[in-house]
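What follows is a set of structures to go through.
After this come two complexes, each holding chain A, first together with chain B and then together with chain C.
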Partner chain A sequence: MISNDTALMAHLLRRAGFGASRDELEGYIAMGYKGAVDALLNPTDPGNMPDDLIRRYHVEQSELRDLPGSAAYWMYRMISTACPMEEKIALFWHGLFATGYTKLNQARTQLNQVDMFRRSGLGSFEDLLLELSRDPAMIIWLDNNENHGDSINENYGRELLELFSMGIGNYSEDDIKECARAFTGWTLGNAEYMAIRAAKDSIWPYGRIAWHFDYREDDHDDGEKTFLGETGNFNGEDIIAIIVKQESTARFLATRLFQFFAADEVSKAGENAVEAMVATYFSSGYKISDMLQTLFLSDYFKSEEARFARVKGPVEMVVGAIRMAGNYQNPSLGIEKVSDNMFFMGQGLLRPPTVEGWHEGVEWIDSGALVERVNFVAKVLSDVKSPGVRSIIDWLEAGADDGVLNPSDLADGCLDLLGPIQVSDETRSVLVDYAARLGDLDLNGHQPGDQAEQRVGNMLRLVAATREYQLA
Partner chain B sequence: MTTTKREKSLIVIQLSGGNDYLNTVVPYSDGKYYDSRPVVNISQDKVIPINDQLGFNPSMGPIKSLWDEGKVAVINGIGYQNPNRSHFRSMDIWHTAEPDAIGKEGWLGRAVRDLDPLGENVLTAVNFGRGLPRALGCPGVSVASVGDLETYGLFPDVQDEELRMFTLEAFSRMYGGAAGRDPVMQMLGQTGQDALQGADILRTAPVMYSSSVEYGPDTLAQNVKSISQVFHANIGAKVLYTQHGPFDTHSGELPTHAKLWNEVAGSVGCLMDDLKEHGTEDDATILIFSEFGRRIKDNASGSDHGSAGVAFLIGGAVNGGLYGEYPSLTEAEQIEGDLRSNNDFRSAYTNVLEDWLGLDAAPIVNGQFEKFDIFHS
Partner chain C sequence: MSTQIKSPGIVVDYVKTIGIVNNGFNGRGFANPYDIIVHNDSRIFILNRCDPARASAIRVGICTLDEEYLGEFGKGFGTGDGQFVWAVAMALDSQDRIFITDEHSNRVTIYNTDGEYISNWGNSGSGDGELNGPAGIAVDSSGNVFVVDQHNARVQKFTAEGQFIANWGSFGNGEGQFNLPWGAAMDSDDNIYIADWRNDRIQKFTNDGKFLAAFGSTGYGDGQFQRPTGVAVDPEGFIYVADWGNERVQILSADGSFQLILRGEATISKWASEYLASNLEEKAERDISNLIPELPAHLNTPYHISSQTEPYFWGPVSVSLDREGRLYVTETNRHRFQVYQKR
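Right after this comes the complex of A and B.
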């Protein structure tokens, strides 16, 4: 029988990571639930492959200036990290502060932004918004380089309030203008030239130039501003200090974190967790890791209701399957083709469609996307040559009496080791019938890739194709 | 062959990477063209003239034949104000019909939503190739992306046919089972059944189809053949999309561009023959476009990213001819060394949407645009 500890830990790892193999789960279970939450929320050494090694083996990831290689590079980090929460929180901010390659033509500058999310994504929200406002990719993406002391461009000021912090309905159009005024002069070094590069450049044959933040005092409107009822000669830092004090900001952030890390919909019981996160937001000095700790330790998060309450996003789908299969732990050709699959499913890393990010939850699913999702995961998890699937076969063998599994054992064992995944009785009976077609499975003396192993692969393929597997 | 009244379909061939307008529809009598293109030019003796000023690239023979039959509309100088020379951004602009802000929905996705507002047919739009172009992206609109029509569907990697059949049966039972009251599980169940059904229907298309036309071996020709198969299967596919490239000819342009246009023109020629053989040439229109043209001056091997380009509408219902003006090569008329667009791409979209698909174009293309008189009334 699946133990509660295992099921709960698997749930945590699907949210604070990309799912986990049984061996990984055992490691986390040994820490205890709270210990595991703390370990995940305090990333130490992710054990990245060093960049010089990546560059040696992956020419497509060497310069990181074009999109496919750069998306693959980030995916590689997600696949190989020992600190999955660091990548998961970066993915969260990448969706919320969505910045797209289409306008930038500078993948490296986006990867720098992702690095900033890794570095500051679990810290203070105030610091994070400050870093975001100085982030070169964001400055070009939302035109703050066009926001001048004598003529404002509202784009960044508006989205900072609407999409990045408070949410619509909590400020006036005048607040937007005052906010934009405060961020005049927050631009790039050599901004005019760099903007032309971004709009008019051709990937080939010209190279890239690094972007950096530049504050131009002479282009900053230092006049008096009234923002959300407060008046002063505000600069950007002052505006952010006012934004983060707002109840609406706490609620916005708590809700978005809840939807990404707990459940697509905030239920009545979920409301309590959101309230608790709002309280932590203020008591901790706006600290994101503390809010997430509150969430992960809440009764709601640990309850049955929160299990499988999210539709997996394409990045979770792809990275989760590959981590489970244990592939691409070493430099391997073809990894950029793997990351293409995320795009086929509707979520290309570094290319969110708009500043609103992706439409998540059930909107991930349509018949075209479902075919891509099922086919990719089914193929990866049915490959009995991959190390993760070999490990699943070993676990199955170890758990079976005399190495023989009846059809129920095979179905239940695969559901357990890919999750544990809870499925409806109906789904389970289809899986058992499928296994029963060939009777009991004897794993005694199994050899790599033989028929007995392939039967496990076939069952894993079908589990990967269930409705339930689509959920996190 | 078929006598039932068919609905009209749009077939889109996207030329990805920036097709060189100047070497596609060549201003062969303009000395400034040869002055600007000392290396990367089509010489006068090779051009296929369509009048005394312009001529097609020599690789476009089949399109010239269609031109002679009055089935090719050449839309000159197409583009938008404030040209963006980034592939991604410019293609995004074409896809979302939104040159200024970052657009949210694809123009054809919106068209599909209007054609099938209840989403009753999961095959109203079919994309041939992996990865959905943003033109077809729109919340609530499902589009099948077909890599290979012969193997399209679930579990294509399972070689053993019997095993694949058992797996599909199990999938069908799992997604068809009662979902309880959980709306997400219900939605997943319905979507899974739609996907199975769509795959079943699509896979029958090649079986039902027969034709004496032999398409080329290249990817585009094979995708266009699949388009013909799906179109002729009468399953209500109204938007069929594919792309070809890369047209990003910064170096070694002449042979690359010739090969690509050989494939495009060959595929279009085959498709039009195929439609004729099936008596359906008035039921489909082909739109060919690219995200931008290329720089007027060559770089001694190829040409760099430019602005105004050319689009084509081809079909039995099209009034063949030249539309829009060919932009001047005079330096004063250029925009930063490029041909200046004088013809907003959303005009052509408006033509297609209103006069071909019978939709209200303004909400789809984000505004009112003057149309040409491209389609027979």
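Right after this comes the complex of A and C.
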């Protein structure tokens, strides 16, 4: 029988992390639910695979010249972190403030942006928007290097308002122009040379040169501006201070956080949680971690309605399976091919399709992506040599009477230890029938990779192929 | 650019930069170079580790100090005879044989300096003579081959044919212990120096493994190291260290006292110059750019500084010497090497 504590904690860790092994889950349960929320939202030492080890064995992840190695570098971090919320919030902002390699050809700078999301992604939204506006990857992505005092380029100003803060319908075309004027002179060092190299995808003569922010006062329009009804000689900082005061900004941010961390759709009951997050936004001084604490502690989030109410994104799917299997804990040949799998499922790290990011929810699933998802996870979780699967076998053995599981025990045990995952009666009976073909499973004296262990691997493979496993 | 003590016992002058990123599968330029050896006939051999996208191009390139590209050899990526997966380091013996370690395949592959494959030896394991992650390699004046057996935390001594002679070391940070050791070098007395990578120090041993000294500690200061990868010793006993994590090279005196730091001062190589001459728009903007910029505080680590500052070393993984007193610093992330001359 799965306890409510276990099921609720697993739900929290699917949202604030990438799912959890039973050992991890037990650790969080010992903290209590509120204690676990606090721990997740206040990351300390992630204890992830250190950079020196990665760089020693993976020259491509030291240089970060190309996309596959760079995505793999971030994957290592997600796989090995003890602070999964830090990576999850970075992934959230990577989707919302989508910045793509295809235009930049500059992975090091993109990963610096991801570092910024880790550093500031749970802090003040005002600080985060300021960092975003100074982020050289974003500057090239939305052409702010072409936004000059005597000739504005509106791209960044427009998307800052439309896609990154207030949402369409809450500002005028004049506000966009004034916003753009305020961000003139916000560029990157050696902007012209770097822009040419990015456009040509030039790696010559000596590889990439990473980017850094540069403010050119002589290219900044310091004239009077009127923005959202306020007038002054605004610079970018002033514009952001006005943006974050808006009710529409609070609602936009609360809704996007809700859709990523709670449910793909905001139901009527979910509206209450969004309202509470809006109130927290203002009372906390725009603090993102406080908004998420409000969400995670809400009755809605803890309710049955919120469970399995999201389709797992490909990154969650792949990273979750690898963490569960305990693979790639050391630098390993071929890691970049794993990151390619996420791309084949529709979500290539560091290469969102457009400035709007990925279309999430049910749009993650089409027939091609579904096959990729099921095949990948089934393969990973059925490998009884991997440490995480070996741990599952140990848990099953410890919970069995005299080391013997009947078909129901085997199916229920695997569903429990991979989640717990709630499946329909029909799905469960398919799993039990499959297990019954070979009768009871005797794990006494099992040896690595033997037939008894392989039966567990086969059941895990089948669970990974269920509709329910696709959901978070 | 260098920093140094007031009266260093050694002076080195920057000479030139050789290299350009090679994005293809053969020809001029380098692909994540990992080590260099210089033959007495002045040919320079460069081991190209290559990234996964260009794995099949893994090879040894040959050029001269005058930047003439002479050719390359290798049999590509894999575990077949003459192939490599994760090639790490090279050593040259007096018979014109080049010994190349592969930390993934756990073996040493031998080519001659004409680029002909000769043989390989090494088996995976932790027993005497077995290898787990062979990294640095050095040959003494008698032709014995010393292999840094990183995951077994030891140094092993072999004949040139791979017959086991001796080994020493264990995991730890005490004298004669190692934590993921990497580079190796002999001095003129056949003592061996090991870059004890994760202990941030250089250890010196006699030819049969007796501990003599350890130099350095963890840190960013003079004489301190962050993950030293390579080491070389000149006839006067000066010790050159590839202080990889600090993105610099340090030179110590024979007793280990700090002498000077090299940060790198790359200029345009002959091949780079040819590239820029045919990409004039790029060259024009490059010429007016500041390639040694001031950086924001959050990017002020050696790695970030070097990623943004093209003249500095970035990934200085090995240091090599020739008999004319030249120092060659291999830069993995910049696909080039910088040459210095000892005065």
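In the analysis below, the second predicted complex is superposed on the first by the 467 of 472 C-alpha atoms of A that agree within 3 Å, B and C clash if a C-alpha of one lies under 4 Å from a C-alpha of the other, contacts with A are read in each partner's own complex, and residues count from 1 in each chain.
The rule we apply is simple: contacts are C-beta pairs under 8 Å (C-beta built on N, C-alpha and C of every residue); 3 or more make two chains touch, one makes a residue touch a chain.
What you are looking at is a predicted structure, and each value in this text was computed from that prediction instead of being measured.
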item	value
Touched partner set for A:Thr427, first chain B, second chain C, both or neither	first
Chain B versus chain C as contact partner of A:Gly189, first or second or both or neither	second
Touched partner set for A:Trp211, first chain B, second chain C, both or neither	second
Partner chain(s) touched by A:Arg467 [first = chain B, second = chain C, both, neither]	first
Which superposed partner A:Lys34 touches (first chain B, second chain C, both, neither)	neither
Greater residue coverage of chain A in the superposed arrangement, chain B or chain C	B
Chain B versus chain C as contact partner of A:Lys385, first or second or both or neither	neither
Set of chain A residues, in rising order, touched by both chain B and chain C	200, 202-205
Residue ranges of chain A touching chain C (in the complex, touch as defined)	51-52, 55-57, 59-60, 62-63, 65-66, 68-69, 108, 112, 115-116, 119, 189-190, 192-193, 196-197, 200, 202-213, 333-334, 336
Chain A-touching residues of chain B, taken from the complex the two chains share	84-89, 92, 102-104, 122, 127, 130-132, 134, 137, 139, 141-145, 153-158, 163, 166-167, 170-171, 173-175, 177-180, 184-185, 187-189, 191-192, 194-195, 198-199, 248, 250-251, 304-305, 336
In the complex with chain A, residue positions of chain C that touch it	19-21, 23, 32, 34, 49-53, 85-86, 103-104, 180, 182, 197-198, 226-227, 229, 245, 266, 268-269, 271-272, 275-276, 279, 281-282, 285-286, 288-291, 293, 295-296, 298-299, 303-304, 307-308, 310, 314-315, 332-336
Partner chain B, residues of chain A touching it in the complex	67, 100-103, 105, 198-205, 264, 311, 340, 343-344, 346, 351, 353-356, 359, 362-363, 365-368, 370-372, 374-375, 378-379, 424, 426-427, 430-431, 433-434, 437, 458, 461-462, 465-467, 470-471
